[in-house]
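Below are two complexes that have subunit A in common, paired first with subunit B and then with subunit C.
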Partner chain A sequence: MESLDPRVNRLNLSTTELTSKAPLDQLGTYEVFSQLKEDKPYFHVGPVHAPNCEMAFLFAKEQFSRRQTCTGLFVVETRNIKVSVFTEGEDTVYNYISNPGELANGNTESFELFHLKKRGKQHEYIGTIEASSAEVALSMVKSEFINDKPVYNIWIIKTSDIESSQDEDKIIWDTLPDKKFRDAIAYKAADKIKEFKERQ
Partner chain B sequence: MTNTEALKELIYKMADDQLILGHRNSEWTGFGPLLEEDIAFSSMAQDKVGQSYALYQILNDLGEGDPDTVAFMRNADQFHNSQLVELPNGEYDFSLVRHFLFDTAEAIRFQMLTNCSHEPLAQLANKIKGELRYHTMHADIWIKQLGRATEESVSKLQDSLDRLIPYAIGVFEPSPMEDQIIEDKIFEGEGKLRQQWEEAILVVKSKTPLNLPYFSLVKPV
Partner chain C sequence: MYGGGNTFEHIKSNGLENEDPEKLAQFEARIERGEKIEPNDWMPQLYRKQLIRMIEQHAHSEIIGALPEGTWITRAPGFKRKLALMAKVQDEVGHAQLLYSAAETLGKSREQMIDDLINGKSKYSNIFNYPAFTWADSCFISWLVDAGAIVNQLANARGSYGPYCRALDRICAEESFHLKYGHHCVIHMATGTEKQREMMQAAINRWWPPMMHFFGPSDKISVHSEILMRWKVKMGSNDDMRNQFLDMYVPKIWELGFTIPDENLRKNEVTGRWEYTEPDWEEFKRVINGDGPCNKERLAVRRTAEERGRWVREALLAPKTEYVAPLA
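Moving on to the complex of A and B:
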């Protein structure tokens, strides 16, 4: 059954009695994190579609570091991010995290920890932890990284799942501050509007 | 003392190549194979036009016309660009292969120009190093990706490569004042650039099953 509407064809409607459901014909997603200045923490900026980490990085660079400044960028496959429960108001996520069952059992890996400190804002890098799993890492965080302010959500990413910009490639953002033409503010429309109104 | 005519000839050639290819590549804006690539390719096209503007400004300082006038008000026969950059777009594989062949040469050319005896050109070459690094990173990763993805993608890249290699080698046509350019330490010359370009193209190619002709047997267009 061929339709003239590509959206119908993409549904892969079955023509026999029972078939396996076809996966969607689209690429997976990768989450992008960026650093605006050398001494600032990395924060989540959004997703890109890509067939692999390398291409995700390529797309992320023009997608999420087109404006302002950038000193570093990394991508991680969306499904490799472990997400905690969400809380609201004065309630911090750490009220819901149990103590670790078994802490040290030899093999540890490094995990990156991200906090959501305000609903509607983005997850921000807090620190790195050595642990045997993401779950253990989360329970170990408690004492080290909690302060008075509530944390509404936590992301944990295994460091080895990250594809990051290399130091020698940082020059790709050298001319970014010159690209003012990408900002609406560079177009002095206000003066022209004012002049237009005065002429009315 | 630098020969200004030789210098101008070289800059015109580079600026016109970038201006024309920037416009050709910008034709993909809104039609890219996926949104992310659309944005990336358009940004690089914008970089090219920006870089050509900087070159026209250097020419302006050497006594040539205003950059906008030079860029948009000349007749076709006053342009110094290579044929590679002006070929009309076909399918995306065509533009991608052209981007790969041209930008690899461009990145090496500007790397060589960081030692240029004409200070403003050396400064520009240093300034845009990063932009060009991203352009070649983009081209190399795409060629590696499609160059070993499916039978269709490999054969499409191969067809475009076969068609474009003679045009790409045409980019290295020596200037009528080539000896002067080399002697004045403006630029190490098209011959040396071509040699390094061939090596760089082969490195990327070697990661794919794509075939390249013997460069020395290709008749440049």
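Moving on to the complex of A and C:
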């Protein structure tokens, strides 16, 4: 059959036998977090692959914020996320975290904290903490962020590992409300069907 | 967009005799309670293997499914249709990204999956091995192939694997735009000139047999498929999915004054099931095994994209980052 694809019939794209490609596009892995409205917490939306933080951010913006609203987005390399143990049922992660031995001793850095509050859902931002290491931060969260409801898993990210949108970047989402053509609601046609039936 | 009728591998032994019975019981109890399985949870090998296969096939179908419609972007009638079709094709490729990531959490790298697609080892939805001759074909795909996909995806979104379900929730939300857009296009053709109606009817006639194939052959009830149903990997039989599709969309096609090229197609009011001429499963097998009108071309387009993008990937090689499996 003669091809109907302009890329094939105009660009002389070959249709010879298939070979494997060279291992080149196994780029780094980043996790993406987004904020839908100013007063809402950031939550994990999914991963992207990219060669560096900046491109991961751009890709994440296209992949996870091309509809509805967005007020903030950040990416972090997956390998830089510290993950706690997982628990289930009424068992909270905080049962497995010991109290801090030595608190802030000298140099501290800030760490971002994320809770998994329901299995099957996504991690949600809970707060920022100053500590000398991720391990110390984890032991400190117990006193600061514990509450009655069980937490099934904690992610801790060093703030400096994050590539985040800044206040002045928010204009990149200014045009989202204009892109109605991406939404189902822009394609109403009930009137046309009704009129068609009446003509029959 | 999504290929229906996953070709689950029929293996002689289901391998369960090698699994730790205590862990297996806990795993099954968790699914029974309606909880999701997450990447770090214990899971049987068979579960992992079937999910990788299924999610990978789904991802490939999104990538390949973007091709027949993608070729119509330059020829879409008018600016609005062009804008919508570009948005839709972008969504489909984005869906593939989400799905590859979900499969990666199970331990197969993206590189390996793309490799298996272009070397012909992995399957994708058979319907995309057929050509889109006219704009009306593109309308049929946007409305009805996507409708079939949504039937499958809504069912799978209730499955047991967390990362796949979360990807499907995002995908289903976007598919509602595809469905409405596609229906809008078909209504436009149906209420247009005589020539437009003829074009649309011809497209329905061409696409009906592959549409019936879309959900896959009747699945025989085997021990294997019972396990996959119990583990909420497979959420319904192929016949159930096909019946649901017919129930929802045949009346909408008839409503627009079109006919469907199957004189035996009718709903049995007693059983509530649709009756139809048995699809030609020999053709289905032939096409899925490589002998369809567009198989070679679809893969060649992918392979060429890999070849032509090679210099970009070389330029981007960045030893400072590291590939690891996504977390969730």
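Quick note on the criterion: the second predicted complex is superposed on the first by the 154 of 200 C-alpha atoms of A that agree within 3 Å, B and C clash if a C-alpha of one lies under 4 Å from a C-alpha of the other, contacts with A are read in each partner's own complex, and residues count from 1 in each chain.
Note that in this section a contact is a pair of C-beta atoms (placed from the backbone, for glycine too) under 8 Å apart; a residue touches a chain by one contact, two chains touch by 3 or more.
Given the structure is predicted, the values throughout are model-derived calculations rather than measurements.
In the superposition on chain A, A:Ala50 makes contact with both subunit B and subunit C.
When the two complexes are overlaid on their common chain A, residue A:Gln63 makes contact with subunit B and with subunit C alike.
When both complexes are overlaid on chain A, the residue A:Thr175 reaches subunit B alone and has no touch with subunit C.
In the superposed model, A:Val83 makes contact with subunit C only, not with subunit B.
More residues of subunit A lie in touch with C than with the remaining chain of the pair subunit B and subunit C.
Once chain A of one complex is fitted onto chain A of the other, the partner contacts of A:Ile193 are limited to subunit C, with no touch recorded for subunit B. In the superposition on chain A, A:Thr29 contacts subunit C only, with no contact to subunit B. Once the two complexes are overlaid on the shared chain, A:Asp167 sits clear of subunit B and of subunit C alike. On subunit A, the surface patch touched by subunit B in one complex and by subunit C in the other comprises residues 27, 48-52, 55, 62-63, 66. Only residues 1, 3-8, 13-16, 18-29, 31, 44, 46-52, 55, 62-63, 66-67, 77-79, 81, 83, 86, 88, 119-120, 122-123, 155, 179, 181-189, 192-193, 195-197, 200 of subunit A touch subunit C when the two sit together in their complex. Residues 34-37, 39-40, 43-44, 127-131, 133-134, 137-138, 141-142, 145 of subunit B are the ones touching subunit A in the complex. Contacts from subunit C toward subunit A in the complex involve residues 35-36, 38, 40-41, 67, 71, 74, 80, 83-84, 87, 90, 94, 97-98, 101, 104, 109-111, 114-115, 118-120, 131-133, 162, 165-167, 170, 174, 176-177, 179-181, 183-184, 187-188, 190-191, 255-257, 293-294, 296-297, 299-301, 303-304, 306-307, 309-310, 313-314, 316-318, 320-328. The touching residues of subunit A, when paired with subunit B in their complex, are 27, 48-52, 54-55, 58-59, 61-63, 66, 169-175.
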